[in-house]
Amino acid sequence: MNTTPSKIISNQMSLTPRWTETVSMAFRSIVKVKGGLLGAVFISIMLLCALCAQWISPHDPDAQNILQRFAGPGFAHLFGTDYLGRDIFSRIIYGCRIAVLVAFGSVTLSSVVGVFLGVIAGYNEGKKFDYFIIWLFDIVRSFPQIILALAIVAVLGPSLVNVVVALAFTAFPFYGRIARAQTLSVKEADYVKAAEAMGQKPLTIISKHITPNIMAPVIVCLGMDMATMVIWESGLSFLGLGVRPPTASWGIMLRNGYKYIQVSPWMILWPALAIAFAMIAFSLFSEGLRVALDPKERNR
Amino acid sequence: MAMDLINIRNLKTYFYQNKGLLSRIFGEGLKTVHAVDDVSLTIKKGRTFGLVGESGCGKSTLGQTIFRLVKAKSGEILFCDQDVLKMDSKTLMEFRQKAQLIFQDQYGCMNPRMTVGQTIAEPLLMREKGRMDKQALFEEVGKLLQAVNLDPDAAIKFPNEFSGGQARRIGVARAIALNPVFIMADEPTSGLDISTAATILNLMQDLQDEMDITYLWVSHNLNQVKYMSDDMAVMYLGKIVEMGKTRDIFNEMAHPYTKALISAVPQVSANKRKETVFLKGEIPSPINPPSGCRFRTRCPQTMKKCKTYEPSLTDLGGGHLCACHLHQAN
Amino acid sequence: MKKEDPLLEVSKLTLDYHLGARQMRALDRISFQLEKGEIMGVAGESGCGKSTLGLAIIKLLPKIANIRRGEILFKGRDLLKISENEMNQKIRGQKISMIFQNPQNALNPVFTIEKQMTDILRVQEKYKNREPRSSRYFREQAIERLKSTGIADPQARLSNYPFEFSGGMKQRVMIGMALSSGTSLLLADEATTALDVTIEAQINRLIADLAAEYGTSVLYISHNLGVLAELADRIMIMYAGRIFEMGATADLFDSPYHPYSAALLESLPSQQTRGKRLLSIPGFVPPLDQLPKGCSFHPRCPFAEDICKKEVPPLEQVTSGHFSACFLDRKRGRQKWQWI
């Protein structure tokens, strides 16, 4: 090595730790787990479909063609057509966009809010603020999640943003609970005490020392929740409370298809398969994350 | 005569169990753990004060109370004539920069997600309120690592890549980053091998000579306290039973507990060995400490009045204090 | 059995750990004998293989361990050739017992002490003779064992759960289970490291007393030289999988032959007065898969000569009953090592 030690340090050392390092480390190691790699590939396919829907899909998803209703899978229409003669393949791909948006949007929103409140509550354990937050979490959690989401969408009106908000609202207490429980154990760690004894400010302690060290279980939860969110979005759309028709959403496609299940089973088969695909993708990915973040599992 | 740096007066730290309403009504009621009970001591500037006792005697709690990591119930902790317990948050932060801790668990005291460089840079950045030239910071970190005999390259590694002794030295580097006047070392060699422990002890002595640091040396290892400290106190169940110059205590130990403790320490050379005084039973629970003298349940020389009267610390001459009825007139 | 036969005779025991692609020699040609009723202290820094030696004798090694060669003769039989079944039924827990550093891990927190003690006694009884005994017999046995370890009021204590016992008392329970009249060999691996000094003194006295009472030999593994000095008849100093020095306790501690033993003693705070610097051996213990050629201590040894870098010094008798593995001390004779 020719470079001086101080140069090596200055080139490679970042001044402040970022919790994003946790995330990036997890994603780097996840590909080493078999299932996680498969999940990551599946999710990449979904992301690709969502981002490049207009280029991938062979037809306009909303273009109706009365003459070609209920067409089976074939060269002209890969997955066939629905009761209005729309190309199912294109609609699946556009539906992917909705699914990905809702899954990522609601999970991000709920985890950010949940972790933020949970960490602050945990750090102030036993104080009034902590009790208030727990109380808030418990109230939200006492409603069945899907009913609560339905109620919120019904009040706000069905739209993509409202679906994301509603789903996020039902899920944030779970993140809050995890974050709070983790904080309670992490804040007893000696390095938190060391920072306190050094005279470090509470906010810095929370952001630098506590949050990065509680993220592992939260990240695992993120993956599993995304799968759930895909299902719920479909459920809400199926009930007519999700995104507005004619926007292509897997839930809406299911809702349209089940009426014609005897005429054309394709209409319900493809969206169902798409949902299953998304579920498997997110589940495999989260399982991979769990293994990747668990140092005990990594060496096996 | 050295100046007083820390003056602790009648310090009490209690913990409470069964705090909840339900357990208070239906359970056994509020339980008070007398972790530190009416302790007074003086730590002189530039010296090492050894605090010994068995686990659960409150020595670590006493140390943590000084840093206000644990809330004190009552008493005074005077640091340069300022009461630590009454400091507002700003003065407290200033105090905490002058006083530092070295933890028992050398890995646990470092954030596992931060590199060693970040760990050591943290107090420096804090002092400069985040405004510090990057290059100056790197140099400072490198200097600190060299001061504890580590390679500056260590800065880019994570704590778990180091051996126990190296990790301990990183902890020392962080503690001395802000030129503290006072360091509390809580079992600084626990879990280390003999020769590694010797390295740490040498290092800490060198730092004391160079930087004029005052140590509060909390340990259960009497051999080490004898070697390191100028003054010492022996704690039992939250109370100090004997205190004075280390030399005096080892030469003419007065309290039966000190005698038992010192005699129980295994010695390699046969001529230093003393007839071991075996104590009966185990240390009682600090929730319901025995009445009178707290040591009486295990004491080989217990008397009638030990049960009813609590002995107070009395001077045996030359600042050698002992709390035992055997050494009290009347 | 002839009178002169040692209870345990380990000869040229060599053992590797395989961790992925790394092959680590944890024990290298370990040979020693343990007489009946003798307490042998095993000392060394962490990673020197002293715990592995204990586990190898009772055959509780992790799966990655691989015994290359050597034999462990226990009462004239090679333990390495005994089947796992026979080991379980006749040897382990009956002829040879082991106690560990953390007694709390050895006790199941959800069962009472009585349940756990009688369960083990029942299994041992089953192996000995097939006759079923009443549960009262086992209860009395358990009380007897607790009493022998000095636990006050054993009848009442039996119904307690492990959490109601302190660390020292749990270790007493473990000793009570490990040591009985049938035990010929006790392996104690850092048995008192987690305990306070006054409790440690009690427990060590207990081990010594019980061993003397039952005529049990003890292999006492510890990093605490002071404890070994007070307890053991003979001491074995290990470094990086090899025995460096072995001899009678007083002899070895008063005038060590090997420079490493001398250095260990010099670095103890109890051997120095206030203000004087302690000896810190330069360098660090090498990882077991990167052992230097020749004597594994030579990179840290200021006295090392050319021969130390090339050849492995064999463990040889220097005076009667005192063994040392160093080329230099043969040349130097009984001169003290001047580390400082």
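As written, the chain order gives the labels A, B and C, with residue 1 at the start of each chain.
One rule holds in what follows: a residue touches a chain if its C-beta (ideal position, glycine included) is under 8 Å from a C-beta of that chain, and two chains touch if they have at least 3 such contacts.
Predicted model only: the values in this text are computed from it and were never measured.
A.B. asks: Work through the pairs of chains, note which ones touch, and then classify the graph as line, ring, star, complete or other.
C.D. replies: Contact pattern: an open line, chains touching in sequence.
A.B. asks: Using mean Cα positions, find the chain sitting nearest the overall protein centre.
C.D. replies: Chain closest to the assembly's C-alpha mean: B.
A.B. asks: Report the chain whose mean Cα position is at the greatest distance from that of subunit B.
C.D. replies: A
A.B. asks: Counting in whole Å, what is the centre-to-centre distance of subunit A and subunit C, each centre being its mean C-alpha position?
C.D. replies: The mean C-alpha positions of subunit A and subunit C differ by 54 Å.
A.B. asks: Determine the centre-to-centre distance between subunit A and subunit B, using the mean Cα coordinates as centres, and give it in whole Å.
C.D. replies: 48
A.B. asks: Could you state the distance in Å from the CA-based centre of subunit B to that of subunit C?
C.D. replies: The answer is 32 Å.
A.B. asks: Show which residues of subunit C lie in contact with subunit B when the two form their complex.
C.D. replies: Where subunit C meets subunit B, its residues are 45-46, 152, 166, 168-169, 196-202, 204-205, 223-231, 250, 253-254, 263-265, 267-274, 277-281, 284-285.
A.B. asks: Which residues, counting only subunit B, touch subunit A once they are in their complex?
C.D. replies: Per the touch definition, subunit B meets subunit A at residues 64, 67, 69, 92-97, 99-101, 103-105, 108-115, 117-118, 121-123, 125-126, 134-135, 137-139, 141-142, 151-153, 155-156, 174, 178.
A.B. asks: Mind pulling up the subunit B residues that touch subunit C in the complex?
C.D. replies: The touching residues are 54-55, 163, 165, 193-199, 201-202, 205, 220-224, 226-228, 230, 246-247, 260-261, 264-270, 272-273, 276, 278-279, 281-283.
A.B. asks: State the interface residues of subunit A toward subunit B in the complex, per the touch definition above.
C.D. replies: 5-6, 8-10, 12-17, 19, 21-22, 189-191, 193-201, 204, 208-209, 212-213
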